[in-house]
Amino acid sequence: MDTKDSIRILVTGGTFDKEYDELTGSLFFKDTHVGEMLRLGRSELKVTIETLMLIDSLEMTDSHRDRLLEVVRSASENRFLITHGTDTMEVTARRLAGADIGQKTIVLTGAMIPYKFGSSDGMFNLGSALAFVQALPPGVYVAMNGQAFPAEHVRKNRNSGKFEWI
Amino acid sequence: MDTKDSIRILVTGGTFDKEYDELTGSLFFKDTHVGEMLRLGRSELKVTIETLMLIDSLEMTDSHRDRLLEVVRSASENRFLITHGTDTMEVTARRLAGADIGQKTIVLTGAMIPYKFGSSDGMFNLGSALAFVQALPPGVYVAMNGQAFPAEHVRKNRNSGKFEWI
Amino acid sequence: MDTKDSIRILVTGGTFDKEYDELTGSLFFKDTHVGEMLRLGRSELKVTIETLMLIDSLEMTDSHRDRLLEVVRSASENRFLITHGTDTMEVTARRLAGADIGQKTIVLTGAMIPYKFGSSDGMFNLGSALAFVQALPPGVYVAMNGQAFPAEHVRKNRNSGKFEWI
Amino acid sequence: MDTKDSIRILVTGGTFDKEYDELTGSLFFKDTHVGEMLRLGRSELKVTIETLMLIDSLEMTDSHRDRLLEVVRSASENRFLITHGTDTMEVTARRLAGADIGQKTIVLTGAMIPYKFGSSDGMFNLGSALAFVQALPPGVYVAMNGQAFPAEHVRKNRNSGKFEWI
């Protein structure tokens, strides 16, 4: 199959994939749950899941973003879903939007509550982002709160925890 | 706000909204959970939720479909998400596609496992369908298994329970 | 270890272990979930889990109960937890209580909502029954709704779905 | 009803009742979930739930324990279930065991994973502790990992997170 039509899912971490460590009482990363979530959603999409890193987005540096950029640039796919912490999702989105990566559709999403906890927005956001990456024209977008925002027009409202148009 | 830009969610039932009755051991409908699911997904979309009926789609008749058609035709919105049982979702989709209802984007979705049970595809499908109804051009679609199928090109494979292109 | 001090868990089915079949929309049995539930409860008890049958208790016959009785009589353990459908749990309990099986502590439990569905009473009942089987003197009991009822003094109230003293 | 036969549930907090704050990404206390858990377990026990405090047990001081002791001593009930953080549960248990509080059955329990998260041992432990408090003779016990340990013979193994007999 022509990989140009498949979707590459790049995992970077964020609350989306955090888990609770019962021995220390803190949150940590083990593995990504994206594959399991796609099975639960009974997704039949052709996707490749690649874990680039598993970090809180507050710990993301230019070096991390450069790596992400390089993977996107060199991949043969032209559709990407990036799971990412919500705190600096807009920073990464704008970095990708300003780079020279060709005509690709890139959608970033995350979660406010870890998928592993009850009442997570993870499954909803994953379904949403995967739909947007298939339907939207080339560009970089943030898919949160049911919507897709172009990278240049989005910011996370730190009081409400919601993403909004700017 | 111009209602033309908001989304009307029409609930018809299906496995999506079924619940388990512990006294009889069977499945039944009480109320729709769509509002609760949108809150869990932290959706900020402007939507109106209307419960037209709560039935298994195997019990849907032309009369039911006529009612659904009429609501879609007369509403001022031009974007609709219809929750529906998966067994005859394609029948309803094709009925809507063949009707004269104007330039509207209509997406039907459902679930293979009730939202109220563990491991449901409900949240994933709702996020998916809401994204598609915002991004796709006017027409009638079925959003299941992560994809959006035009009404004339979809059928449910009864052996696998998955929706496929025809 | 002296098997007399370990607990033998005998699985017979009931709502406790039912699952939802998404292709047919009905409930069915696959495997017992007791082992998984004990891991979730972080139980450190020495137990042996044996699946005798996986049926709805409305389908239980004298033949099924005879088999259960024989397993209890011939086992070396003297503490048993039996998972069972709630509809005829009291029938099986009284059968065991009237039989000549020696000085054994036997606790029957079940669930009103399948463990696999959200909001199940399964984990609560399992923890409850396992505690009762360790603390109660020899005899046959039904552990439901947080309490332990001696076999001769219990019945399921079919209107409320709760177990009560008679 | 003679309150001597009812159970008084004293809530002190611990992982059992922690929740995830999506805005800060940390764990915090809002209200106890014990009432909701008893409804889910379909418990028909006569209980009174009293929230004394909602703290991590690492923050418990003699002052907190004195308050707990006083409530137990002056109450008319003679059966108590105390929800408590697991880190210093044995400390509080031994304090109660060494005090002059009369012939009361006191069972402490908690959870390694918050009830509000998926895969919690909370429901199992609650069912277990409530059964033990009904069946055990007067004394102070810790109910964790499916067992009841007398206060003088229990400690939490900090490596495994399990409670064991000493």
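In this document, chain identifiers A, B, C and D correspond to the written order of the chains, with residue numbering beginning at 1 in each.
Going forward, a residue touches a chain if its C-beta (ideal position, glycine included) is under 8 Å from a C-beta of that chain, and two chains touch if they have at least 3 such contacts.
From a predicted model like this one, the values you see are computed outputs, not experimental measurements.
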If a chain touches subunit A and subunit C alike, it appears here: B, D
Same-site or different-site touching of subunit A by its copy subunit D, using the half cut: same
Chain of greatest Cα-centre distance to subunit D: B
Chain pair with the higher count of C-beta pairs in contact (C-D, B-C): C-D
Inter-chain centre distance, subunit C versus subunit D - centres from mean C-alpha coordinates, in Å: 26
Averaged-CA centre spacing for the pair subunit C and subunit B, given as whole angstrom: 40
Residues of subunit A engaged with two or more neighbouring chains: 112, 119, 161
Touching pairs - complete list by chain label: A-B, A-D, B-C, C-D
Partner subunit D, residues of subunit C touching it in the complex: 37-38, 40-45, 112, 119-121, 123-132, 134-136, 143-148, 161-164
Residues of subunit D touching subunit A in the complex: 15, 20, 22-23, 25, 27, 56, 112-114, 116-119, 158-159, 161
